[in-house]
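Each of the next two complexes has chain A plus one more chain, namely chain B in the first and chain C in the second.
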Partner chain A sequence: MKKSVYNGLYVVIAILLVLPFVMPNSFYLDLAVRMAINAVIVLGLNLLIGFAGQISLGHAGFLGIGAYASAVLPTHFGWHPLLAMGAGAVATGILAAVVARPIFKLKGNYLAMATLGLGIIISIALRNEAQWTGGPDGMPVPAMGLFGFELSNDKQWYWVVALLLSVSVWASLNLIDSPFGRALRALHGSEVASQVVGVDVVRYKVAIFVLSAVFASLMGSVTAHYVGFVSPNFADFFHSIELVTMVVIGGMASVYGSLVGAVLLTALPQALATFEGWETVVFGAILMLSMIFLPKGLVPTLAAKFGKGE
Partner chain B sequence: MLAQFLQFLFSGITVGATYALAALGFTLIYNASNVINFAQGEFIMLGGMLAVFFTQAGLPLPVALVLAILIPAIVGVIIEKLAIEPVKGAETVTLIIITIGASLVIRGLTAVIFGKNTHSLPAFSGETPIDILGATLMPQSLWVLGITALVVVVLWYYFNRTLQGKAMLATSYNRLAAELVGINTGWVLFMSFAMSAALGALGGILITPITLTSYDVGIMLGLKGFVAAVLGGLGNGLGAVVGGLLVGILEAMGAGYISSAYKDAIPFVLILFILFFMPRGLFGGKSTDRV
Partner chain C sequence: MSMLEVKDLSIHFGGVKAVQNVSFNIDSGIVYSVIGPNGAGKTTLFNLITGVYKPTTGEIRLDGEAIHGKSPNELATRGVARTFQNLQICMNMSAVENVMVGAHLRLDRNLVKAALRFPGLKKRDRELRAEAAELMAFVGLEQYVETRADAMSYGALKRLEIARALAMKPRLIFLDEPAAGLNPKETIEVDHLIRKIADAGVTVVLVEHDMKMVMNLSDRILVLDYGKKLAEGTGEEIRKNPDVIAAYLGAHA
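This part shows the complex of A and B:
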């Protein structure tokens, strides 16, 4: 039982190890790095949406806080990038914890409204505080380094995010199988029933929300350093939707589904670039078609088809 | 002082009326299907853009306006038939993504067909401002308010005094029970998409002479309509109208007295505060969960 759970992880690690040696050029390496970063974000978001059954339409806001902490604090205050990253994560954690209690009294569409609102407020603030954030144009982000060693080329970044991704997959698999993970799945099934057996529903919802928000903030910082630039679009509503779509297309409550969703949706804009001017139409149509024909997402649908659980 | 206050109030009510129409659209579809239609904002955009396109093509204003309402209604019905009906009972997230996909398709097609420029529509009855206690009111605002009021009265009559309207209400209370007494709930779903698209388009047409329009105005207008619907309590028609006006007025006041840069944030701050204290909006009933 335990063994089969980790089989997928070994496959992921094997793919990550081989990938850089079969990449034809740096374009694909860059794409792989961005896929891996998104995969880590989506893993965290899937814990919230897929496993705990709580929707968040404002997650890009948390990414934005992390990304801008990594841009603003080193640029304007001379902080070390790692310290700035930590500060962003702590600030996000505090914000998420403060709003979580009132927000998680809400359900379904009301919860969607509240998280959407939170995300939009953050992105408008980032857009408006131009003296710090550069406004709508965004701002450059200094390089990430430690002890005189600087992360500069895509190869180095690849190994860093590959490590992050492997650790995240391993941590997610363990979390789901822990008492914490079981409590989350229980409250997804029925809040009342889980309360009856002694699960502190509100506390678990708050905990997973804060956890996935901090995850997002840290990865926001990583993205900012990797790309070397942040703009308010990074925190906007559409980006939140993209992340939620990755969760749902890959498969809700599926660790490997998160990876598949992130890979597909990161690659999609590249693939659509050929449809000059029609990208938005085709992207929208793909969202609709995949939800109509695969409402449970790719990985769970395929797993059910081939008759084995994840 | 007073003049300034009135000025903000006028512009707030005018925009608020558009939010109210959008919120009514959200409410209609939500009641018929429990779907939050994130494409609602695109109907507002489509109404304005089509009105501009048809008048520029030389059609007389009334014909142009009727077409600009009719076409979005047809688009709404197509979305319902192709994308909502096949996934009955899907999870909230799935439905949200489907309607967002639909909104991207509409926005993308509009950009391809009409381009990405900003357009304006001439005001229906001139641009001579009316002076009220030192504040100016544009004649177009009167059109917006008058037609919105008329729509609200007609809708009230429809839902309370006609068999069709009562059938729609019955479906929103309990779909299964409605089906058991012979109501065609498929038809109710169809009507709700047609009506809410038409309402959104109407709002978009009315406001375009004041705020201008382009292919991408739908997102914010739609989201604020959603705020208005939630503020009033999802599914409550009166709540949607009150919510719309309230969002419009507070947004205009906030932009005028506090910060115009944060104008777009005001509705969302407002809704967060309201939901913290009233988790089902202003007029939302208490909910009980069946275990």
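This part shows the complex of A and C:
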């Protein structure tokens, strides 16, 4: 990997800086915030799926823990939103580590199954603990205050999220091209080869799983505060699948692919709204076609075509 | 005291006794070859010593310390490197990155420092890349440094594995059929390469079918047949051993 991978980061920052000034109305600004939030989640998930080759089908569950930590702890216990956010992230990290360790000691990819179950358990728990979570109806989330300054309008949120996204892209690029990142990619390429050069495979898999889960939890909290409301659908299995789809469509093991996947699949339902009732079908057809014609995902396929390579 | 001591080593896969009561010692600084017909248990023996398999019974000692049952990554910390008969290259990475992974244990692997790009890390990475490129030149792959591994030929990948193993700065290296599938010219190059590795002071354990290469390089040879030790000795002793001749020519002794 040469210096040029960081050039993409400057493009991303430039787009983020210009975007709010060319937005025709607040509908698009809201869409941009959602895209950016999804992009950060998908970046974390792609580190796990694309780079380390481990599949999680329960990431929405981790989003749910973060989101509900930010809803429940300030509402019922009067915690500061930042503290609640941190608590959600720590709880998610511990849960992810406890679940992942025994799974990664098994040979074969059992993580997909385990996370599938975990995600469903989390969403059921959120639905059933109605006295705390509001049950299926969800609950409102108090506003996020930062140093006595309340984040209220979309513009402010946009800048916060744009900053988070830029930092995440930068950190992901750094991580991939480091000894840690190379060890991750190596265990994906050949587990036994990475072991014999000294990579503690279980430790690395657990570390990246926990990292991506914590990413998801933090962004779950951000989403909860931004939207001002949480419901159990947020932690749903279908949301997990949507996130995995973003990774796959954008391009596995591609930082910029994560962004493209998140942006496209966040926009797609809006663009398809004109199909009234048929949008799910059209959505499915687009996914199928892109899998047939772009099996490596959008960004890697295009990069290979134009000879840039990532 | 020998560097590596193997005593009564056995492994059973169900009813199959792939390696049975094999004992031998390897002294530091030599080239030690393991030969035998296909299915004799040579690769299984490598997998046992490098921790990929756990022995059913027996002992393996490195510098007097028991290492049987330890995992491959623990053995890597003790300076044991290996290559594979059926390539184990990370096809999702470039050639030089494959070699850089070999240096894993010598690096600062901290996740947080890497993500936040702590000062000094990138510089260390550049040095490492230069070092890996040098190793690639050492094995004769200097023109492939930035090539993606999946775009390289079989013969080149064989040598790339050796470069990755050398990046560990090992004391003991296991080469599993480094010349398999290579053309005669490439085979001679690998022969010279192994000589250079041994001359650099690394103890080499070699599994190879190319007898010319084995006889040329080896200080000592172990012959396996059906998982058992058939003979051990210098090239000359092995060449004259009637049991070995019988096993190789298929005669009934």
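Basically, the second predicted complex is superposed on the first by the 302 of 310 C-alpha atoms of A that agree within 3 Å, B and C clash if a C-alpha of one lies under 4 Å from a C-alpha of the other, contacts with A are read in each partner's own complex, and residues count from 1 in each chain.
Here is the rule we go by: contacts are C-beta pairs under 8 Å (C-beta built on N, C-alpha and C of every residue); 3 or more make two chains touch, one makes a residue touch a chain.
The structure presented is a predicted model; accordingly, all values stated were derived computationally and were not measured.
Engineer: Identify which of chain B and chain C touches the larger number of residues of chain A.
Structural biologist: Counted on chain A, the partner with more touching residues turns out to be B.
Engineer: Check whether A:K105 is in contact with chain B, with chain C, with both or with neither, and answer first, second, both or neither.
Structural biologist: Once the two structures are laid over each other on A, A:K105 reaches chain B alone.
Engineer: Once chain A of both complexes is superposed, is A:P269 in touch with chain B (first), chain C (second), both, or neither?
Structural biologist: It touches nothing on chain B or chain C.
Engineer: Once chain A of both complexes is superposed, is A:G228 in touch with chain B (first), chain C (second), both, or neither?
Structural biologist: neither
Engineer: In the overlay, answer first, second, both or neither for which of chain B and chain C A:A207 touches.
Structural biologist: Touch partner of A:A207: chain C, not chain B.
Engineer: For A:A193, using the defined touch cut-off, is the partner it touches chain B, chain C, both, or neither? Pick first, second, both or neither.
Structural biologist: Both: A:A193 reaches chain B and chain C.
Engineer: Where does A:A253 make contact in the superposed view: on chain B (first), on chain C (second), on both, or on neither?
Structural biologist: second
Engineer: Considering only the touch criterion stated at the top, classify A:E279 as touching first (chain B), second (chain C), both, or neither.
Structural biologist: In the superposition, A:E279 contacts chain B only.
Engineer: According to the stated criteria, A:R182 is in contact with first (chain B), second (chain C), both, or neither; which is it?
Structural biologist: So A:R182 only meets chain C here.
Engineer: Residue by residue on chain A, keep only those touching chain B in one complex and chain C in the other, then list them.
Structural biologist: Touching chain B and chain C on chain A: residues 190, 192-193.
Engineer: Which of the residues in chain C come into contact with chain A in the complex?
Structural biologist: 50-52, 71-73, 75-77, 81-82, 84, 88-94, 97-98, 100-105, 107-111, 114-117, 121, 125, 148, 164-165, 167-168
Engineer: Which residues of chain A touch chain C in the complex?
Structural biologist: 1, 170-172, 174-175, 177-183, 185-186, 188-190, 192-201, 207, 211, 253, 309
Engineer: Where on chain A does chain B make contact in their complex?
Structural biologist: The contact residues of chain A facing chain B are 49, 55, 57, 99, 102-103, 105-106, 108-110, 112-114, 116-118, 120-121, 124-125, 128, 190-193, 237, 241, 244-245, 247-248, 252, 277-288, 291-292, 295.
Engineer: What residues of chain B sit close enough to touch chain A in their complex?
Structural biologist: Counting only chain B, the residues touching chain A are 30, 36, 83, 86-87, 90-94, 96-98, 100-109, 111-112, 219, 223, 226-227, 230, 234, 261-262, 264-265, 268-269, 271-272, 275-276, 279-281, 289, 291.
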